Every structure is written in C-alpha cells, then in structure tokens.
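What follows are several structures.
The following pair of complexes shares a single chain, subunit A, combined with subunit B in the former and subunit C in the latter.
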Partner chain A sequence: MTSELSPAAADYLLAFADDEHMIGARHTAWIGMGPFLEEDLAFCSIAQDELGHAVALYEFLTDDVDRFALLRKPQEYRSCAFAELECGDWVDALVRHWLYDRAEQLRWEALSGSANQSISEVAVRAEREESFHRAHAESFMSRISASNDTSSISKLSEAIVRLLPVAQGIWQPSDREEEAIREGFATASSASMAQSWNSMIQEDLLRWGLDIDVSSSTGALGSRTERSQGFERLLASLQEVINIDPATAW
Partner chain B sequence: MRTYEVFLKRAGKEEFRHAGALDAPDDDMARLLARESYVRRGEGSLMWLVARANIVEGDSDFLEPNFDKPHRHNDGSNIAARRKRQRSAASADTEPSA
Partner chain C sequence: MTIPIDLDDSTPAPPMGPSPLQHRVHKALEQVTDPEYPDISIVDLGLVEQVTAQENGQVLVGLIPTFSGCPALAMIAKDVQTALGSVPGIESVDVRWLTSPVWSTDRITASAKARLSSDYTVILRHKDGTLRCPVCGSNAVADQSMAGPTRCRSLAWCPSCRNPVEVMR
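Up next, the complex of A and B:
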C-alpha cells in the first residue's frame, strides 16, 4: 500500500497520523483518573479510537506500524505541539478534546473527498466515530457553561483562552501540502480549514454563552519539525514496552 | 447524578437483557456514556436506559411465596407418584404366579 502514495501525500498523512497518535497517547493518560467511572471509560475509549485512527493512517505509510509509530527519532515526528501537550488538569484535557476534535472533523471531511479511494474510505469511517467524540465534548462543555458554578465556568474559560493559541498549531501545514492538494490527494488547505475551524469554535462558544472572541486569539503556528517541551519524556514512556524486546513480534 | 439501568437487545428475536448500570447527570449523557461503557463491541443493536428511580420494584418480602397453600405448588409430583403406584400395581397383577 505504501507505494501508492506520492511523497507529498505521504508527508501530508504523516502530520495527521502523528497528531492522532500523540492526542490518543495523551488522552490515555486519563485512564483511572477521570472525574467519575463512566467518564473514565468513555474518555479512554475515545483515546483508543484516536490511536486506531493513527494506526489506520500509519498503514498507508509503513508495513511495520509499531516500529514506525514508536521508534522514530523525535525530529522525525510531525505532530503539532497542541497534540503533544501534557494536560495536567481535567478541564485542560476537556478543552483540548473539544478543540482538537473540531479540527479533526474538518481534516477527515477534507480527506473523505480525496482522489485516493482507500484514504477516502478510512476518512468516512473515522468521521462517523468523531461525531460521537464531538457529542461527548459538547455534553461536558455545554453543561459546565450552563451550570451555576461560576468558579468552574471561569476555570473553563481560562483554559480555553490559554489553549486556543496553542491549538492554532494544528493548522501548520506539512511542507508539501500544496503539492498534495494539486494531486487531488488533499482537498483543502490548512489555511482554509483554519478559517472554518475558527468560525465553528466561535459558534460553539456563542451557543454555550461563553464570551470569548476567537479572532482575538493569535498564536504562532509553530513548527512540525521541532518537538515541543516534554516530548522526549512522552516518547520514552511510549517506548517502554517495545524496548523490552524490540525484535519481538507483538 | 442519577443511576440508570442499561438494557441491550441484539438484532434478531432475542429480548432485551439487563447489561448493567451506570451513573450520569441526565438522560442525554447517560445515553452517550452507556454507549462507551456497554456497547463498544456491538453487544446490542438497541438500548433501553431506565432511571433506577423510575423502576417500580417488588421486594423479596413482597414476593415471598405462600408455603401454607400447597395447592398452589402443583409441580406434578403427586400425580407422577400416583401413576407410578398404579403402574407397579398393574404389573404385579399380570405377573405369573409362582
């Protein structure tokens, strides 16, 4: 399957695949730590879905998903800082879940129109799962916003304002995105998706009655070739098991 | 938080079966969380969620059978015993006398 993709298309997919891998890995950190048992299960099953998406994308890029996913050098990953970020507080994890999954929706929708039939099928399947992820994020965001608990609401708003600029980094395009679009593999530029994303996020905030102006939030896109702080520790923890015996077939 | 009882029905003729329970703040979230907690692997194609508070319950005191009314417990053993007696009596009649 790997030979089907042009270098530009592979580059494009790698950025998305690594984002999915890192967000899935970061979400799984909440196993056993969620605010209540049912939410613990739900959030971790969302994490598993994201890891599943990463695997589905990696399969376009390599024949050995485990080694490719886990044993590259840090500078070979193409994830954005937002996906790599460690969220030590539940409300941060929730806000990221909402912001990231809104972006993921646009990215899958764009791929579902790809000229590449195989990736388009994966995208349609993944987007169906994402509709449940969004409903999950929406349930929490809307309920916290509508509650009488002003300290929770201000904590939520504070997290949104703090994370919005970092989230913009999702829209840092892969190096050869234009080429991937010309080939018909990708169907929307990161810049145009960023615009749609901004208005989606703003509509969500209005619906929840949160007075935050998305357009005033400016963040640098960041780089996909440089890893964020804390990445090496994350990667080391992801490698713990495979490093016990890298040659074993799992 | 409210506690909900979860019932699942597989496609086909099988009836709804009790799958477990969960806590959720309201109906919509209960549905969402039940999906992730109980139906990750296609365990059902239909789901009922019932708030436990809405269940009409009969407790074990209420359901204790009336053991002083043996006529309500006709499990057929009396008839079976009588027939057995009749059969053995009949076979004794036909046995050739020694």
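Up next, the complex of A and C:
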C-alpha cells in the first residue's frame, strides 16, 4: 500500500518508522529475560505493538516491508540513538520504555490530525494501543517510587538522570520536517513536541515523588544520519533469519 | 455493490438482499476461522468489515486487525484467499487490511462470545467492569496481569474455583 507521499512526508515517516522498529527490536530482548513471567509477557506485547506500528508506517514507504526494514545499509536508517540503545539492565529498559512511549504518544497525536487520511487512521489506532504501554510504565514507575526500598529508588532515579539526555535525541527532526508540516502531513514540530514532552515527564516525576528536574537535563539532539554504537551488531542479529534466504517469502 | 457485513445477529437483512455471489462469498468467509480459535470464524470475531463482489467476479475483502502487531494477519489473509479460491464465479480476490475502523471486543458476536467462554475459557469484561468465571460462574474473577499470552488477552484468576482465566481486550 505505498501511497503518494511527498519526499518531506516520506522522510518524516521514515524517522518515526525506524524508531518504532528499533525500539520494538530492543524490547524483544526481554522475552525470556524479564524479572518475572508477567513482565516477560508485557515486554513481548509492547514489542509486538511497536513492530506492528513500524510495519504500518513502512507500508507507506515500500511494497516490500521485510527487505526495507531489514536489508538497508546502516547509513540509510534514520532511527535515533535512544531507540537503538541496548539496555542491559531491566530498570534502564523500563525507564527508556516510559520516556519513549510518552514521546510516541505526542508523535501519534501529531499524525492523527494529518491531512493524509490513511496516516491519520493508522495514528488513531496506534495511539489507542499505546494506552496499554503507558499503563504498564505507570504501574511500575509508581510502585517502585512508592516502595520503602531506597536502593531501588536510587537505582531508578540514577537511570532516569542518565537516560534523559539520550532521550532528547527523539526530538531530532527529519531533514524536511518544516515542509511536512507546511503540507499538512504532520501537525506539530519536534521542537514543540519536545516542550510538551518535558512537561509531561516532569508531571509524571512529581506524581511519583521523584525529585528530578527535567529542565536541568541537557542532551544534544544527536543525528539521525549517523548510527549509534552497537547498531551494526543489532542489525546483523535482525538480519540473521532473512539472510538464510533473502528471496523467499517468509 | 458494497454491503457491510452485519455484525449484530439481531440486525435484519437489508431489504434488497445480497447478490448470489455476495452471498456465496459471505458463506465462504464464515468458514474461515481465527488461527487462535480454530472453531470461531473471523466474521463472528468482527474482523470482516467489508465485502465487495462485482458482477465480473472481482471480490474485495476488507479486514480489520485486532491489533496492528498481530502476528496472524498474513495467515488470516492467506486463509481468506484459499477459502474464496474455490467459490464458483470468483475471478480474483483482493484481501486488504483496513486502517479504519479500529477493532474492539464490541464487534464480537454473542455466539462467538459464548464459544470463547465455553471452549477457550476466554471471557469479556462486563460493562460494569466485572468478570464472570467461565468455569464456575462466579462474578469474583480478579485481574492478575494486564499482559497475557497474546497482545489481545490479559490474565485473570477465579478465587472461587481456582482456575486461570483469560480476558479479551
């Protein structure tokens, strides 16, 4: 279902699609590795949603989603370093999931008002699915914060402070974002969404009683054209199966 | 001619009635089951949104997914192709996953709900939020985990008969 997209709109979707693909792929690392069974299942379901969203977005860009998703050169991906990041510790994965899904909410909202009806419908459905992700993040962040276990709380706080600057990279706009907004394809700039996101996560932190000042966190936006450390290894692992026979219908 | 599939069992048939081909397509679709529930049809689960059968035998089937990331989508689309492939009068079948409307459990027919409960111990939440145990009938079923074995089901547990229960969502 490739539809007629302007180059600016296609760039805009590619950045979001690659973010969704990479975060989904990273979340799947917790299948069988979560701290307990239900958490394994939760990360599976969340990963499944993000990969489903990536597919829905890639379908606007290509007729061959598998090849496009998996067999591009590293420099052709447009994901941000935050989505690509390998989280070796579950608390990092949890914090990243919370920060990312808050941003994702704003990104789908910005597309749900799109002049392009197809992307608007995809956005409405995706945003509805995201409410489960936010409920999941909320349940753990609030419970850990409210516990009497000071070492867990400090570990959580430390992860938030460390990951906040990297998370700012979500708001690195695609090259022609302004054009995509002028065309009515997207309805909010990355800069304005970044502001809303800062307030949202500051409110979350206040509600959980975590004393972290979001405005004091300074992170560079980073680049969407350069891949982060570890990306090639991630891509190689994603390609393992399709490379057995790239021409077959999987 | 486009006729939306009746999702509600009680809705009377449209006065004009479907064309013979449309009728055969619908009958064939009723035989396509969900890979997760091998005795429940995709029509009863509310996945079929649109069926268009033209005089020349070109058929368009518009489906909606329960969730964007459902891994069964390709399998269901293929099963629809196969089922319609043997229907007389069909020249070509176009199966599409539609982006709208958004699926919800409200689209499941009453008979499919009953079978989900009796055959799979999979239940739906009542409007008042309660869950009725498919095994012993108790209304005290308690949510256990919002994540279940698949994206479309969560886990619950009946303290009365001590059986695990899954909830469609």
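A few notes on this one:
The rule we apply is simple: the second predicted complex is superposed on the first by the 248 of 250 C-alpha atoms of A that agree within 3 Å, B and C clash if a C-alpha of one lies under 4 Å from a C-alpha of the other, contacts with A are read in each partner's own complex, and residues count from 1 in each chain.
One rule holds in what follows: a residue touches a chain if its C-beta (ideal position, glycine included) is under 8 Å from a C-beta of that chain, and two chains touch if they have at least 3 such contacts.
Note that this is a predicted model, so its numbers are computed, not measured.
Partners subunit B and subunit C clash in the overlay (superposition on subunit A). Residue contacts after overlaying the shared chain place A:Ala135 against subunit B and subunit C alike.
In the superposition on chain A, contact of A:Arg143 is made with subunit B only, not with subunit C. Of the two partner chains, subunit C is the only one that A:Arg125 touches; subunit B does not reach it. When the shared chain is aligned, no partner comes close enough to touch A:Ala191: not subunit B, not subunit C.
Once chain A of one complex is fitted onto chain A of the other, the partner contacts of A:Leu41 extend to both subunit B and subunit C. Set against each other, subunit B and subunit C touch different numbers of residues in subunit A, with C touching more.
With both structures placed on the common chain, the touch criterion links A:Ala115 to neither subunit B nor subunit C. In the overlay built on the shared chain, the residue A:Val55 is in contact with subunit C alone; subunit B does not reach it. Of 6-14, 60-68 or 78-86, the subunit B stretch that intrudes into subunit C once chain A is superposed is 6-14 (criterion: clashing C-alpha atoms). Note: residues 38-39, 41-42, 45, 132, 135-136, 139 of subunit A belong to the subunit B contact set and to the subunit C contact set alike, using the contact criterion stated above.
Across the interface of their complex, subunit A is touched by residues 67-71, 96, 99-100, 102, 144-151, 155 of subunit C. Residue ranges of subunit A in contact with subunit C, taken from their complex: 1, 38-39, 41-42, 44-45, 48-53, 55-56, 118, 121-122, 124-126, 128-129, 132, 135-136, 139.
Subunit A meets subunit B in the complex at residues 36-39, 41-42, 45-46, 132, 135-136, 139, 143. Taken together, the subunit B residues at the contact with subunit A in this complex read 1, 22-25, 28-29, 32-33, 35-37, 40.
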